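The same chain A turns up in both complexes below, where it pairs with chain B and then with chain C.
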Partner chain A sequence: MSSSSPTDDHLKQEQQAVALAEVEEAEQLSAQQPHSAEKALGTDISIARDRNRKASLITFLWGLPGFVWLGFFLVAPVVFIILVSFWTRTDSGFIKEWTLSNYGDIFHSHTYWMSMWKSFLTSIISVAACLVFGFPVAYFLVMKIENQRNQIALFIFALAPFWTSFLIRAVAWTYPVAGREGAINQALGGLGIISDPISALGFSELSVRVALIQLYILFMVTPLFFMLSQVDRSSLEAARDLGGNGFRVFKEVILPQTMPGVVIGSIFIFVLTMGEYGSVRVIGGGNVQSVGTLVQNRISAIQYPQGAASAVLLIAALIVGVFAITRFANLREEL
Partner chain B sequence: MSEGITSTGGAAAAAPPTPNRSGLDLINLTKAFPGGTLAVDDVNLHVDHGEYVVLLGPSGCGKTTTLRMIGGHEFPTSGQILLDGQSLVELPPYKRPTTTVFQHFALFPHRSVVENVEFGLKMTGVSKEERRKKALETLQMVGLETLAERKPRQLSGGQQQRVALARVLVTNPKALLLDEPLGDLDRLLQLKMRVELRNLQRQLGLMFIHVTHNQEESLSMADRIVVMNDARIQQVDDPLTIATRPRNEHVARFMGDNNIIRGTVSEAQGSRLVITDANGVKVSVQAGNDDQRAVGAAANIAVRAAAVTVGGGAAGDINSIDTEIVFVEYLGDLVKLHLVAGGERFLAKVPGDQYPTLRGKEGDTVRICWKEEDVQLLAD
Partner chain C sequence: MGGVRKRIGTWGLATYFIIFLLFIYGPMIIMAVLSFQGRYGGITFPFRGPFQGSWWQSLVDANVPGSKADEISRSAVQSLKLSAAAGAVTSIMAFGLSMAFRRRFRGDGIAFYLIMLALMTPGFLVALGTQLFWKSISWPTAIWPTALGTNTIWGIPFGFLVMLAVWNRYDDHIEEASRDLGANQLTTFREVTLPLVWTGIFGCFLFGFTLTWNDYDRTALLLNGSEAVTLPIQIFAQTQFSAIRPDLYALGSATTGLSLLVILAALAIAMIRMKLAAKSGGPEKAAIRAEETGEVAGFKVGDAPTAAASGD
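This part shows the complex of A and B:
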């Protein structure tokens, strides 16, 4: 285990983070599994692999299309974005003249740092809220529904909102749900709780944050659902038997065993909400700024190098964030 | 069959359990599952501290449900569970002075061996140094102190079994409940663990209640065996009695290697009965004082295969049959002769070293006989 070099690990981490930044979650998940399995089995597997070169060649050939695909659609665009961020802006686009001024502009831009901070805050709130609201849902589905058929049926039912486009759900949050004449204000007014409609619900920071939680919560529920399904029920009985009450069993046995699910869900939601611009634009109605909308603004204003530099910084922030989240998991596992 | 539920083979049945007696008492313990199936039906049992009791029976007989009710993982529909006179029924598992070794060990996969063992102490608020010290001591007792930092998945089945034992022993329980504790181990390891487990129990002087479907395991380990079938206790006795004096046909069949003859009483001279079956085979038996039967009454008997002698006896004698050998099963120390007479199967176990002198071959006719005192009159 200790033989794997730290630079290799670091490289892998970066690759993962970049992959996530480009919203390639599917590849990310499947790439992570063999990685962790290899770690778990330690040196045995690496010895076996050395012995069997033919097998490794076949493995390489299987992986080749994936590498080509990722190289062409993921690595190349990112490299290109990084290059552009160091080139000079012209009125019609950019020319290949090296400069650091794009980054200099950003570092002195109060708007950029505010957007970055707000996006980060929104991300953290979304991750935390999805965890707090999502865990009970997954827990209920797995632990309280005895019949497996009902369990799967309810899980699919919980996925139902995902059958529609996220944009449609985002639009639904604007006037129909959270607007001045929307469902929430109508209901609260009807119940006599408020006399005037709350305008802060629609096209505001608050509405964006609330909506993002609803839009992405299933990215937390799904990995938790599968992790919880794998928790050995008899180990829970053993924990109760050894003196653990409900809370202690949860904290000491269930939570540590579902930590990988928490981490995967958190990475999903952190990355998706931090880089989010479509939903922010629709739900915020132009009143809310995020790093995503900022990048998009620069691109529409034909400020490609500045847009690219903003995007590079966003990717860097995502790498740091994902790295931090995985550290948190390792820490938990060691406890 | 209603006598079958008594606690110690009949004698103790009349005495109602005194509330403050030491040890574990199950009183009229009943568990009905939704839909009305009775998993455990009116079980009465007393277990002393320091006693090794095995609940034995086929799967679905209610033995595991009984164990789970004692541990608090299943709640009785009616009846009482007393430990040293105190009722356990209302207590959740974590407040009971019992602990369970689960069937597949149920170790915590995310914790190291020593952390698994520490768990129970952590739950009761023992300080970190204290519980680490105790956990390591207990690991030493089961011979695993060098593997303390490993994760459970890095251990063999036998080692996992020991961790599971250490994990419950460290909490100092009043009674240890073991659910098929050797079921996941291969046969050689099973044999080794039987001795180890029994020695451990003797050292600790602790009450062990062990559930298994393995007859040999129960005979080799138990102080007393509780044979269960169809949610009820069939017989409670020491291993020797269970093996040689089965109470009823179920116990005789379940323990295996018994010749069962079903007939009617043809003669009754005092307590001595002669029973004749449909083929005219005559068997004599001494009936117990509480089981006198009149001439003409149905009576089934059991004779252990090991009590059957091959050769000897005279034709038409009581306790003797002419049979044909249909199959010879050589098992090393002993040979099982599968015999047929009048369409009924019989079984004789002959010591391996005697077999060459008998020279029994498949197709040969041999006369088998047994002694009257080896005949057991079966209830029901």
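This part shows the complex of A and C:
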């Protein structure tokens, strides 16, 4: 724009030269530093290396029992489920003769596929229902309870049933509440809403699905509670001040920030409900099959390899499901 | 107008929260109420009085007709032993693993995923796999030690996460100070590290204990038939009787009550410790004081190496 005078140019060049010299000096200093550090430590460096090796050994020793234990009671069992699914059945168990017939057996079993499909559907319904019904609970605790002490007290109170037996909660759900003579049917009958008790409420697919929500919803509320606690309040206020209505603030500000909690809760509920066994037996009263009860039936009939093959397919379904859930989260973050 | 709308929203959510609590607690409350019926009480409403504890009495008194008191007391003792053992194993393993994770090591990423896998694997699969594994190497499965192992697999990752949270807030400089003052590693660990993190370790124990106390899936497949069963197995067996009686509800309420007591105790201890810490300035402050005076938990740090060598 404007032409600069020669003196100005001279001044600039001088400044640049000074700046360059400073940079070079700094670079030289930083290049010297490792050497000076080594010089200062002198022979200590070998001692430091020794100490490092000793620390690694201690780390190894601390971890060893835990990892051996996990190897023995987690890794080896899963590996053996896969191995046995390829072995041959005998009258007393199985022998190590490789075969694919176990998978052929279950691939042709209509009941197996029906149960697998229903289990899958039950899990998906549980995840969705826990999310829909659990979110307002976490939201209420975090956003509407101002006093932090009350907030934590209410959270612990809501969380406490997680520490009690799922089996007993399942029992409590079936006979006194959901059965033909249970409290729900009696209440509906008393109010004149129904004339005959609804038998589908107890010991049925429906009762399993409702009860699983009751049993597992805390697995969704907990991660949502922690994620919501970290949501930046000022961004909420900013969004509202800028005229965002409730739904838009929820969709564009709250949901993206709580997505990790949704993913963690979904994975937990999906995996645990797919693998559910005891509760399904109690709540379903023998009328409902899950993959767990199917495998148990095979084991009782001393068909270990077939049971193992069913379990392998369950593991595969779990891996695919977990992968799909995490993909969903990534997609949401990219959008 | 916005204020009114907001208030309606808050009250709506509060109502919803109460309905949610009823949904979660309702069945257990109904079960507990029905367990206090009279002799002709059934397993559903209406409540058949008088309000009395005879079904509860039948849990412990074998002389009541139809009582399962013997089986129940045997399984309760078995459950207590197994849960205590699982708590101990869980706290040792989870603490050791968390100590290993205080430094980075090769393969720590995979190791972390392995621990999380323990959290994610359905209990039924762990039990099934253990049964197949032990059968392959011709070891018979039983509650001891097989079900102990499968139960801790569920407790260890929870304990591990508790310990990670503890180490997160822990100041490593205290240990450095202790070592600089001449304490060897064993003494530093025993006199400085452990007292600072014992609540976390106790938390691991409680996780291991309650998860095992309430477990069915991880235990049911591993029974050998001759051992005393655990309480959840006993309860399941009673649900399969043709005539279910309110004593099942009493048993369920009693077991649930014990679980809730354990949480209350844990919370009480945590609160007492927090209050004590606030009063005395906390163990961290105590350690810093010890650094200043050169004293760790009663004796001079300078003496520590000899003390550790002569003691134990």
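The rule is simple: the second predicted complex is superposed on the first by the 266 of 335 C-alpha atoms of A that agree within 3 Å, B and C clash if a C-alpha of one lies under 4 Å from a C-alpha of the other, contacts with A are read in each partner's own complex, and residues count from 1 in each chain.
Quick note on the criterion: contacts are C-beta pairs under 8 Å (C-beta built on N, C-alpha and C of every residue); 3 or more make two chains touch, one makes a residue touch a chain.
Predicted model, so just to flag it, every value in this text is computed and none were measured.
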{"item": "Clash-or-fit label for the pair chain B, chain C on chain A", "value": "fit"}
{"item": "Which of chain B and chain C A:I168 touches, first, second, both or neither", "value": "second"}
{"item": "Partner chain in contact with A:P256 - chain B first, chain C second, else both or neither", "value": "first"}
{"item": "Which superposed partner A:G189 touches (first chain B, second chain C, both, neither)", "value": "neither"}
{"item": "Chain A residues touched by each partner, larger count belonging to chain B or chain C", "value": "C"}
{"item": "Partner chain(s) touched by A:A160 [first = chain B, second = chain C, both, neither]", "value": "second"}
{"item": "Touched partner set for A:R248, first chain B, second chain C, both or neither", "value": "first"}
{"item": "First (chain B), second (chain C), both or neither touched by A:P77", "value": "second"}
{"item": "Partner chain in contact with A:P197 - chain B first, chain C second, else both or neither", "value": "neither"}
{"item": "Distance of closest approach, chain C and chain B, by C-alpha atoms in Å", "value": "7"}
{"item": "Intersection of chain A interface sets (partners chain B, chain C)", "value": "none"}
{"item": "Interfacial residue positions of chain B with respect to chain A in the complex", "value": "71-73, 92-94, 99-100, 102-104, 106-111, 119-120, 122-124, 167-168, 171"}
{"item": "Footprint of chain B on chain A - complex, ascending", "value": "232, 234-235, 237-245, 248, 252-253, 256-257, 333"}
{"item": "Residue ranges of chain C touching chain A (in the complex, touch as defined)", "value": "10, 13-14, 16-17, 20-21, 23-28, 30-31, 34, 43-45, 89, 92-94, 96-97, 99-103, 105, 111, 114-115, 117-118, 120-126, 128-133, 135-136, 149-150, 152-153, 156, 185, 210, 213-217, 220-221, 232, 235-236, 239, 244, 248-249, 252, 255-256, 259-260, 262-263, 267"}
{"item": "Sites on chain A touched by chain C in the complex", "value": "55-56, 58-60, 62-67, 69-70, 72-81, 83-84, 93-94, 133, 136-137, 139-141, 144, 154, 156-158, 160-161, 163-169, 171-173, 175-177, 179, 181-183, 186, 214, 217-218, 267-268, 271-272, 274-278, 281-282, 292, 295-296, 299, 304, 307-308, 311, 314-315, 318, 322"}
